[in-house]
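The data blocks that follow each hold one structure.
The same subunit A turns up in both complexes below, where it pairs with subunit B and then with subunit C.
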Partner chain A sequence: MKRIKQVLGGDLRQYTMVVALVLLIAVFNIISDGRMLTSSNFQNLLAGNAYVLVLALGMLMVIVIGQIDLSVGSVAGFAGMVMAIAARDLNLPWWVAVLIALAIGLAAGVWHGFFLSKLGIPGFITTLGGMMIFRGGVIWISKSISVPAPAELKWFGSGYLPEWGPAFTGMNNSTLLLGIIGIAAFIIAQVRKHKASKENNPIWAVVVRICIVSAIIGYFTWLYGSGRVGTSFPVPGLILLILIIIYHTITTRTKFGRNVYAVGGNKNAAALSGVNVERTYFLTMMNMSLLAAVAGILFVGRSTAAGPADGTSWEMDAIASVFIGGAAVSGGVGTILATMVGGLVMAVLNNGLMLMGVGADRTQVIKGFVLLAAVAFDVYSKKSGSGSVFSKLFRSEKK
Partner chain B sequence: MENNPYILQMQSITKQFPGVKALDDVTLEVRRGTIHVICGENGAGKSTLMKVLSGVYPYGSYEGKILFMGSEMKFKNIKESESAGIGIIHQELTMIPELSVTENIFVGNEITRKGLVDWDEERRRTVEILKRVGLMIDPDTLIKHLGVGQQQLVEIAKALSKNVKLLILDEPTSALNEDDSANLLNLMRELKANDITCIMISHKLNEVAAIADAVTVIRDGHTVESYEVEAGSVDEDKIIRAMVGRSIENRYPEHVSNPGEVIFEVSDWWVEDPEVEGRMVCKGSSFNVRAGEIVGFAGLMGAGRTELMRSIFGHNYGIFRGGTLKIKGKEVKINSVESAIKHGIAYVPEDRKNLGLNLLDSIRQTIVSADLDRIIKRGLLSFEEEQIAAEKYRESVRIKAPSVDVGVNTLSGGNQQKVVLSKWMYTEPDVLILDEPTRGIDVGAKYEIYKLIHELADQGKAVVLVSSELPELLGMADRIYTIFEGSITGELAKEEASQEALMKRMTITSVS
Partner chain C sequence: MKKKIITMLMAATMVSACLTACGGREGAAESAPAQAVEESAPAAPAADAADAAEPAAEETADAEASAGEGFEDGATIGVSLPWLGTQNWKEAETMFKEQLEAAGYNPIVQAADQKVPQQQQQIESMIENGAKVIVVGPVDGTQLGAVLEQAKDAGIYVIGYDRLLENTTGVDGVVQFGSVKTGELQAQALLEGLAKVKGEGPYNIELFGGGPADPNAPNFFNGAMSVLQPKIDDGTLVVVSGQTDFTQCATVDWDNSKAQARMDSLLSGFYSDKDIHGVLSPNDGIARAIITSCENAGQQIPVVSGLDAENESVEWVWSGRQYSTVAKPTDALVAETIDIINSLKEGKGMPSTDVTVDNGVKDVAIYELPPVVVTKENAKEVFANDPGRMELLK
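Up next, the complex of A and B:
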């Protein structure tokens, strides 16, 4: 137990969902006769769920400040629709249309942020209104008809990284490069951390950790890079990856990120420590709607057209991801990385059940149970303070 | 029963809490048709005694005997004491703001006919009862539309509707302005004339002098004295002596202070209550603090000490109605907590868990939380800097914790307070305002906090120490201001200060 702890570095509870994710993938892979762990399936899984994960990034921060945003699906749909219509009717270049979509997201965020921070109307109400307004707006401006999107956008939604360089590698070289960068970055970070840390974590533990993570990255690099010719790590996946790095940095390494947690943990104490609570509320809501627009763009790109029903109930998937990732309903708790794991659990569940031929109806039921089980388990383990499944499994070894 | 002059006799009441004896052999005898006042410091046991009487602490959870109208009472809850004829008006009003006057008066006691609420009858009776307390308002008015004074009257009306014989008022005038207070006292006299006995808990000795027929003083859970008085000729000094009469033990570290220049000056500071329009919680307060000086603020609960300090700290409380602030001789305009911190002011709040800490944070996150700019390196927060800062304070302030990564929720009260102090020391303030810094902390930890305060003063900081404990102020402060009802009523140097002198200025506006 102690050794595992040293490798993973401290608190094991945060790995509960990672373990669940790994088990889920393994089980589905066995049941589906290996159709889960194939290049094309994982390419689809990532490209097809990137938009929800992008929403979950913003939703995590909204939930940490103790609010909720119900409007994200509608805002995403609205921004995507305006983008498609602007490109078609005004003959604007695709990139101008994209900027317009982002501007719409920003404006929607300012709208929600204003009602929450200046008028003190709870986010639930503010965004419930926003949800109706923007959903109505989509249907209104589209006259309930799908609008084709500029062809260039397809690259954002379902494009692949370019092919280049020598063929002897046996896989897509862009993906390979990405994998190498990933492994290198991880090693550098670990070495730095080890040097800075005063706790005497043995060097072997760091090495084992590096080996495990490198193997995982390596495996997925191979999985994504060795598919059909012309395929690779999907572009929406790359966009998501970049956003994850940005938001992980914002939440852990900036003053604004600290303020988000401070406001969510204890609003009054935060105010007495010099945190501008109103501004924190405002920026968090604004950011959420901006990310909703990004999600809308990715989705329109993938489906090559903006539809009037785009974005319906996306907010629920995003919220579920955040809570499966261990965020607290009362605010103040939750991380970007755990939220991504939560989102991936949902995505793998969707994907695996589909591979097994389970219908959308029963998939929905199962997802509902998983959400409840995950949160119930979290609440239970916090109450009893008994730690994770992990520590229970290894209890006999406990030192 | 008719020849028994006492409506209430509480005999040898003892109430234990884990680790503390809140009441120790307390006896209270109240004559029928009188106004009986109970005096005592904060935490002396007055409220506990009233909770025993009204059944909040049920029979069996205390020792002793309660005789009410001649027979022994064993209340299990408030409902039982109410039906026996004891009504209690709490310090914090307990009305439901969104309901009407009628609904509030009959809540839990609705008059029904055939299973439905009989509104006409309820309204008719409400008007009748309101007349008895001198309130001429529409019974359908919502409580939230009434002023605090009127709400208090409704609360009394509610008690009257239940046919009370004995009415307990716990600091009834603490939230009222002067007119409303006078009004309330008049009402109490009328109730007395109508054979309703009143027990009033009060800090305001001028009111006590005006209205009391008998006074009981409680201190540290004991009855100190109890005697009858004649309204108008009450010896206020005698009450004060009885309230404080305990010796100061040597619980404060030795310290020689050497104050420098005045570096913090507040003049003519006015703040309005955000809840009650027109009620000023700070009335033109002026004070100053020298570098290296510890200045105490004495005042009873609700006197406006915390409100004044939080208002100075970037208008964090109330509506600012004027006043100037000078730091190191220069006038500064401070409109937010952020700018207060930037100008070198730090405020350690009285309520550690609700205002001082984010209990989800670790020690290291807490210590840097009021000045994150200092750990920013190349645009990002630096965990190394954070670690260095946290370790530094863990050592110098002697925070007892296995590492700076543990959550502050796992620490004892004393260590939590040290973390909060570190958080504010980290902002390197010139002025440090400490609001009840030793509340809820055991004696040993208190001593360490006192030493820290001395160290801060020795570094040349201006320290403001707000405390409810007079011995603490006398032991720590170089100079003490007293506050009463939002006004600064006195300024005493350490040498001339005594508990009696302070208490006199904390309780009486009309100092002779």
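Up next, the complex of A and C:
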């Protein structure tokens, strides 16, 4: 047990969901005769869920500050629809339309942020209003009819990275490059961390950790890179990856990130120690709506058209991802990476059940139970303060 | 020392990554036979040539042999329906399952709960499951572009069911009832009913349209208006509210409760001192909502058209509460779809048809079936072969 701890780097609880995710993938892969772990399925999995995961990035921060944003689906739908209409009726080039959509998201965020931070209206109410306003807005401006989007946008929603360089690699070289960068970055980060850390974590543990993670990255590089010719790691996945890195850095390395957790943990204490609570609220809400616009753009790109019902109940998927990822309802707790794992658990569940031919009705029921179980488990393990079931298993084994 | 270990490690990882990679591309080889059906010129990916030439060549040979023969018995057929919330879709689900199984296929029939992303993912999972043909009744005919093109790239035939697939090259044909024709029939039944039930004109009427996301809905409405507009112009028909645009009359998501709310407000707003004589309704659910609304408002039941011949509406037509409905027999639509699938299986390709419709990107072949108007007079003839609905006519 001690050795496993050394490899994983201490806290085991954060790995519970990762283990659950791996188990889910394995079980579905067996039940579906290997249809789960295929290049095309994983490409679909990422391209089809990128918009929810992008929303979850922003939602994590909103939930950490102790608020909730119900408007994200409507804002995403509205931004996507404005983009499609701007491109079609005003004949704007696609990139101008994209910028307009992002501006709409930003403006919606300023609107929500203003009501929350300046007027002190709870985020739930502010964004419930926003949800109605923007949903109505979508239907209004579209006259309830879907609007085809510029063809270039398809690249954002379901495009692939270019193919180049030597063919002997047997893979899409863009994907291979990404994988190599990923492994290299991880190794550099680990080595630095090891040098900097004062704890005496043995070198072999670091090496084993590097081996395991490199093998995982290597496997997925191969999985994504070796699909049908012309496919690769999907573009929406790459966009998501870049956003994850950005937001992981923001939440763990910047002053703003620390403020977010401080405000969520204890608003008054944070204010007394000099954190600008208003500003933190404002920026977090603004950021959420901006990400909602990004999600809307990705989805319209994938659908090739913006529809009046786009975004309906997306906020719920995003919120579920955050809580499955172990964020606390009371605020102050939660990480970007755990949220992504939570979102992927939902996505894999959805995907696996569909591969098995389970209908939308039962899928919904199962997802509901998983959400409840994940949060209940989290609450339980925090109360008992004894780590996860996972660590308990290992502990009893040792005794 | 540390550095050495790490360098060695990096090297080892990369070598192993390369090795596994060379064995890769099997997925591509597997999908070759499917592509062959379409292009009949399958080329093994260059990357394979060195390492996996032999198995790939075999696969290719198989593919060429099967190109002219369609696909084997027990092939997987995907059917993606928008939802199961109305009777016709539920019937389609059951029929597809039973009849495809009876014809020796392996059907995957799924419904998307009216959610576009869900439907996109379902279609992808059908591609994953190796479907040879995917039948799609879209939630929104314009929003499946990318995923259907993905199906095409995998060499799968895509057949639209009941609704047009717009804005995509990934569609081979669409099986549907003539939707403009359906609208015309609804309007003719409305006129006929007004003359029969409400005596001399002019008649006060209101217009309802279907869900705007459904490409059929404007066609129904325009078909109906082609019959009604001349009568409105000559004063035989009066649309009291003045709402004659499709967007004004549309019912979002075909939601009955929204239609009922609109009818309630029309009646309280425009008919406090007038009688309503007739209502153009795009389907049965909305027709019943309209009739209920009129009853609640204390109006005489107007002449109302309908569509789908849902059980409840068949009863209402039989008892005289709803004047007419239009039957689009689901069994005929399913049978036509399965005929096409059989033709594809035998390697004969898509059957020929004269009707094509521009879906925004390409001309799509349309396999049109004629709908049937049902009133109390002809109900027994129409449903003679439908024991379930004959039960209702008692």
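Some notes on this structure:
Criterion: the second predicted complex is superposed on the first by the 396 of 399 C-alpha atoms of A that agree within 3 Å, B and C clash if a C-alpha of one lies under 4 Å from a C-alpha of the other, contacts with A are read in each partner's own complex, and residues count from 1 in each chain.
We take it that a residue touches a chain if its C-beta (ideal position, glycine included) is under 8 Å from a C-beta of that chain, and two chains touch if they have at least 3 such contacts.
Predicted model only: the values in this text are computed from it and were never measured.
In the superposition on chain A, contact of A:Arg228 is made with subunit C only, not with subunit B. In the superposition on chain A, contact of A:Ile31 is made with neither subunit B nor subunit C. After superposition on the shared chain, subunit A has more residues touched by C, the comparison being subunit B against subunit C. Within the superposed three-chain model, A:Ile125 lies out of touch with both subunit B and subunit C [touch as defined at top]. Looking at the shared chain after the overlay, A:Ala262 reaches subunit B, while subunit C stays out of its contact range.
Comparing which residues of subunit A touch subunit B with which touch subunit C, the overlap is empty.
On the subunit A side of its complex with subunit C, the touching residues are 35, 38-41, 44, 48, 51, 139, 143-146, 148, 154, 157-158, 167-171, 176, 179-180, 183-184, 187, 191, 203, 207, 210-211, 214-215, 218-219, 221-222, 225-229, 299, 301-305, 307-310, 312, 350-351, 354-355, 357, 359-361, 364.
Across the interface of their complex, subunit A is touched by residues 313-314, 316, 336-338, 340-341, 347, 349, 354-361, 365, 369-373, 376, 380-381, 383-384, 387, 423 of subunit B. For subunit C in complex with subunit A, the touching residues are 2, 5-6, 9-10, 13-14, 16-18, 20-28, 31, 45-48, 50-51, 108, 110-118, 120-122, 124-125, 127-129, 140, 142-147, 150, 153-154, 166-168, 212-213, 247, 250, 252-253, 360. Touching subunit B in their complex are the following residues of subunit A: 196, 198, 249, 252-255, 257-258, 261-262, 265-266, 268-276, 332-333.
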